[in-house]
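In the two complexes below, chain A is the common chain; its partner is chain B in one and chain C in the other.
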Partner chain A sequence: MDSTKKHLRSAVLVAGAATLALAMGGCSAGSSGASGGSDQTKNVTINVVLASDPPPKSELAEFTKETGITVKWTNLDWDSLQTKIAAAATAKTYFADATDVDWSRVGQLGKLGWFYPMQKYLKTSSLKADMPQLSSFTVDDKVVGIPYDASFMVTTVNKELFAKAGITTMPTTISDYTKDLQQVKSSGAVQYPLDIPFAAAEGLSTYWYQTTGAFGGTVLDKKGKPQFTSPDSAGYRAAQWMISALKSGLVSPGNINVTDSQGMQTLMAKGNVASVFSDYSGNVGSLYNVPDSSSVVNQVQYIPTPGADGVGPNLSNPDSIGIPVNAKYPKAAAKFISWFTSKDTQVDFAGANGPDKVLSGYALPSRLSAVDVLNSKGTLVGGDVLAKLLKTRAKPVFPEGAPSWYPQFSNSVYTNLHAAAAGNMTVDAAIKAIAQTATQLSSGS
Partner chain B sequence: MDRRMHWVRWIGVAFILLWTLIPIYWTLNTSLQTNAQVTAKPAYYVPPTPTLRNFATLLTGNGDVPDSVRQSLVNIIIECAAATIVTVVISTLAAYAFARMRFRGRQLLFYAVLATMAFPAYTTLIPIYKIMTGLGLVNTYTGIVLVYVSGFLPLATWILYNYMSSLPVSIEEAGQVDGASRMQVLWHLVVPLARPGIISTAIITFLFAWGQFLFPLVLSSDISTEPLTVVIASLQGRHVVPFSLMSAAGIIAIAIPAVIAVLLNRYIVNGLLSGSVK
Partner chain C sequence: MTVGLQAGRPVPGLPRRRKRIDALPWLLVSPLAIFIVGLALVPAAYTIIASFFRVDELDPPTRFNGLDNFVHIFQNGAILSSMGNTLLYVLVGVALSTLLGIFFAVVLKQKFRGRSALIAILILPWALPGVVEGIIWVNIWDANTGLLNSMLKSLNLIENYQVFLGTNHFVTVLLIEIVQVWQITPLSTLLILAALQNIPDELYEAGSIDGASSWRAFTGITLPLIRPGITVAMVQAVIATLNVFDQPYVLNGAAATGSSVTMQTYFVTFQNLDFGAGYALSLIITIATLIISFGVLKLVYRPVEF
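Here is the complex of A and B:
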């Protein structure tokens, strides 16, 4: 017995020592991949890792011909990519010269210093006027990524289903919108006219932020304090409106397990609902008007998002591209980013100059000048509405940049709203739980 | 009472089977439909017009997605097979040493090896990534195989240790009396006797390696080394998910381990139970 104990103790000691050695080895080894990459921009190959298909080979070849920089492109799904970014940054090792910077992680990335401030390589101040969503990637005056598309949340309606219910003038306030949805339901045009993705996932959080904006408020203040605890607040009313839409039959009970993209693909694109209050900008052209994936071709349109007292804002959720501090060729990566986000390239990607130059899945250019070109050429579906919204209505979800604790906050938002939708808690209890999380996180506890 | 217990047992078995098989059935059902059928409402519980188009696209089609799936299928087979062979060879030697040889610190070393199984694997991810970067082994088969071997070696050693401990020592002693060296005894006597244990260790290692996601995700940088598990995840687009194609890839991914598990089930059970009954 004593012998066993002795052996076990020794084993634990050895195991502990082995772990320590491994960790120390991990901390000291491989500093070769650390920051301080080469300034070389000629005859180099850079790795670009994004959650996107690669640009057409001809486009990349043209870039290589112009600059001498060869691009090796890797397409990775968004979740896996975030894991890789975090793992590489934590291990202080190289994995890409340019990669994704998501709007929701700007606070974290800025605080942790995982990405170079883009001011170091590009004149970002000159981009501001043409890229309204640049502010979503600015934290402590550092621009950590340059937006390459202009994803923002926008309301879509199936005008044919609305017309069947006798609605031809689109609503501009939430109360009118709600009445119209009830009218669509009672007309029998569709049983459940509204899509809200109540699955416990990020899409539910962003839907709530957008609805809160439409009700005339914001979720958090500059210091990260919750702004939705009062029953009169926009956030509280937004949550109540969403849950009551489910309870009153405007939203299908099955939506309790529907994510945002599932709802768009299987409900809106199939004519099973008449509206998505918080849809993706670009979905009309890239999803609803594509016959292979849609049965509502030419039936869906963007409308200015109905607000509490008139048209509401459209919150931005764009992706950008930045340079990790462990990049091997940061200057070459900056040249690539400059090309990738240029007006001419964006116009090509969006299909204005023929299908050979299209970047698959590209929604909407991040540059107003590129949107104007598309609009003038008539190649952007719903371009007039989108251009106007991007210029005048698109706003960051968090004007001061997403807080560094955003992932935990978002988790609390979608978990509690999902529970409220499932009937496991009241709206009031859900709001209180979310507020408690925000208060704790913002106070650093 | 016995009759009641009989029913309870079967209800339990039925519940577990449904719980396990329904997701697999749904994946198969989705893989045999077109994307339009997959998104239809109400959903089809049985494919209305079963099609192998998704499988044909992935296995014989042209384009980036089919190319990636095929390359990743090759990658996963190479990585799992290599990890299995290396693990079995090393663990056989280690298990024999621990089971039969008497040397100072034997038990201490053995417990230390076993103790590593208690560490959550993910806590070692960052140090391993850093070490592999330092050694220039990121995005190489060697790097991924080494990590698999280090991860599965303790379990494999433990299984084989139990198996070899249960073998009669007298046969090995007879061999030694006849003048055989340790390695000859191991190769000509122990390995043939321990073959069921070695096979079960190989199967278990292969199946564990096949299911890996996070380590190969981090340790591979492109399609030259990415296994199928990683590539399947990357098939989902930013806003659009190709459900039927992903399901077909999922069925391809589970086909090989499923066949192995069904055909060689008795070895897996024997391996895991070895040493538990004497």
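Here is the complex of A and C:
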């Protein structure tokens, strides 16, 4: 009995010691990470984590030669990356020196102070004129990330499938666009001419925002109050139009489980649909005109957004790169960001100076000056249209910056619109549920 | 007559010797103990405590809020719906994986050519990550280009491609769970096969002499004697199905028709940054796992001696 007690006591002691050791280890790891980082910029290695392929080795080597900064690149999928950013920031521990700042997280990040204001390291005021989407990453005058591509939502059409239906003049209003799609369907060119990604995922939310913009409205006002509750509102009509397109056979019933990228890759790129109303800018060059992944090479073109009474806007969903406050080498990271988002680097990444310098999957430069260079060299597919749209039509989804509760709101948007598409609720009920979420969140309850 | 010293008893007149502590067993067990304490007990204790606090990065500071996290969880429609789905995942998953596990174990106990190769192939789905399995099965269930639709159409069983996932609640859960069953059945099979191989052949011979049919031998000898193996297989299936995430997320997105509690935990914790509610949800999953596993133990487990 005595022996058992002794063993038990020893076991408890060992467990206690181990717990203490781990707790101390955890504490020290946490505190060391939040030390403010080093200003060293020579002979350091920085970790860059993005949901993107790395730049070509030769480009990174050139950067290292110029600056003495070695870049260790990690490519993580977007969801995992956001989880890691949140987990590391909450634990106040080091994760990366430079990483993704998504437009939809700007409200949260601005409030949380997880990223350094870029003004601390770069002269951001001089970037504004050349980077129209910088405003998407500005909260309370703090720039939390520098956009490195100029992704915005744009309508694409397969002109050959449209031509088969006798349509050669592209529609400029949403009613003409709908009629044209019906004509394509009735001509038999394709069974389901339109792609709408109705899977319960972020792509459905952004599709709805873009369609709402096309109908002449916005989703939320400056205070975050819903602007789509009335049946006459743009958001309501946009949701109605999307679900009607599904019910009337313009969209395949199977699209209730199709995500945005899946639809572009397996439907539009394979000629199974004739149009994507809210496509990614740059997809014509980086997907539809790539023979390995597409059977519609040279058939797809960008068109100005068909709106309620004429050409509508193109809402932006760009990616940017920022510096977490727990970065080890923030100054070196800033140097990298400056290089990564410079005009010359963007021109290289977009393929103007040969395939060796291309960043795989790079859509469209965030700098107008880089877009102009590509356009003048003729290396940007649909460059004239894209450049014009970027300069004159692209605007943020939320002009005041995404609210800090955006992820919750978006979750409500895509789950309810998906449920309406799947026939599990009416459009009216879906809109009411989304509006209720927005009202609750914006009132802080 | 031999006179000797009794072990452990001090000899009168001699100085008392200090008992040496044998450190080796402690040394050997300490890595595992540190591992378990550090990676299981400490986080578990932290989760239990933190679930009674408001831990929200967007609403600092961290403060005690009693049972509020739990109250909010049970007032949240999406979470309640996911609890219903998860219960279905558990029922379907545990039942199917156990039945299939018994079936495959009985088949694999027979000696036949290629048995080892078959076991190796059978284990493959277990070794694949859930996300990869989800992607594989997307290509089967897909309503636009899926293999199942293609097969059914070529057999003239359907006229148009059908939407399998997302419309009907039960069918959606069932089809998603089939994917998970495909993943967890190999382990169930191996656990039950191990129990099956412990049964002495003499018992079957005795049964045969008594005129027992194959079915009677299976129900009278095999099933009762593999109950410990079945119990372990069912408990691992309970743990896996209660924590299902990858398959519904990849196959059905965040849709309410297939959303699981762990998916909701992810949304609450990493999208909404409400870590307190996330801890509370994790604690609920842990308690549910313990209760259901204990129920399985009580219902299914019986000690077996040969």
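Worth a mention:
Definition applied: the second predicted complex is superposed on the first by the 414 of 445 C-alpha atoms of A that agree within 3 Å, B and C clash if a C-alpha of one lies under 4 Å from a C-alpha of the other, contacts with A are read in each partner's own complex, and residues count from 1 in each chain.
Keep this in mind: a contact is a pair of C-beta atoms (placed from the backbone, for glycine too) under 8 Å apart; a residue touches a chain by one contact, two chains touch by 3 or more.
All figures in this text were calculated on a predicted structure; none of them were measured in a lab.
When the two complexes are overlaid on their common chain A, residue A:423 makes contact with chain C while staying clear of chain B. In the superposed model, A:292 makes contact with chain B only, not with chain C. When the two complexes are overlaid on their common chain A, residue A:264 makes contact with chain B while staying clear of chain C.
Between chain B and chain C, the partner in contact with more residues of chain A is B.
By the touch criterion stated above, A:253 is placed in contact with chain C alone, chain B being left untouched. Once chain A of one complex is fitted onto chain A of the other, the partner contacts of A:47 are limited to chain B, with no touch recorded for chain C. When the shared chain is aligned, no partner comes close enough to touch A:439: not chain B, not chain C. By the touch criterion defined above, A:76 lies against chain B but remains apart from chain C after alignment on the C-alpha atoms of chain A. In the superposed pair of complexes, A:90 makes contact with chain B and with chain C alike. Once the two complexes are overlaid on the shared chain, A:272 sits against chain B and chain C alike. Contacts of chain A with chain B, set against its contacts with chain C after fitting on chain A, overlap at residues 10-11, 14-15, 18-19, 22-23, 83, 87, 90, 266-267, 272. Residues 7-8, 10-12, 14-15, 18-19, 22-23, 25-27, 29-33, 47, 49, 51-54, 72, 74-80, 83-84, 87-88, 90-95, 261-262, 264-267, 269-270, 272, 280, 283, 286-287, 292-293, 319, 361, 363 of chain A touch chain B in their complex.
Within the complex formed with chain A, the residues of chain B that make contact are 35-36, 39-41, 64, 107-109, 111-112, 114-116, 118-119, 124-131, 133-135, 138, 214, 217-218, 221-223, 230, 233-241. On chain C, the positions that touch chain A within their shared complex are 26, 29-30, 33-34, 37-38, 41-42, 57-58, 78, 138, 142-145, 161, 163, 165-167, 251-257, 266-267, 270-273, 275. Chain A meets chain C in the complex at residues 10-11, 14-15, 18-19, 21-23, 82-83, 86-87, 89-90, 108, 111-112, 199-201, 252-259, 266-267, 272, 404-405, 407-408, 411, 414-415, 418-419, 422-424.
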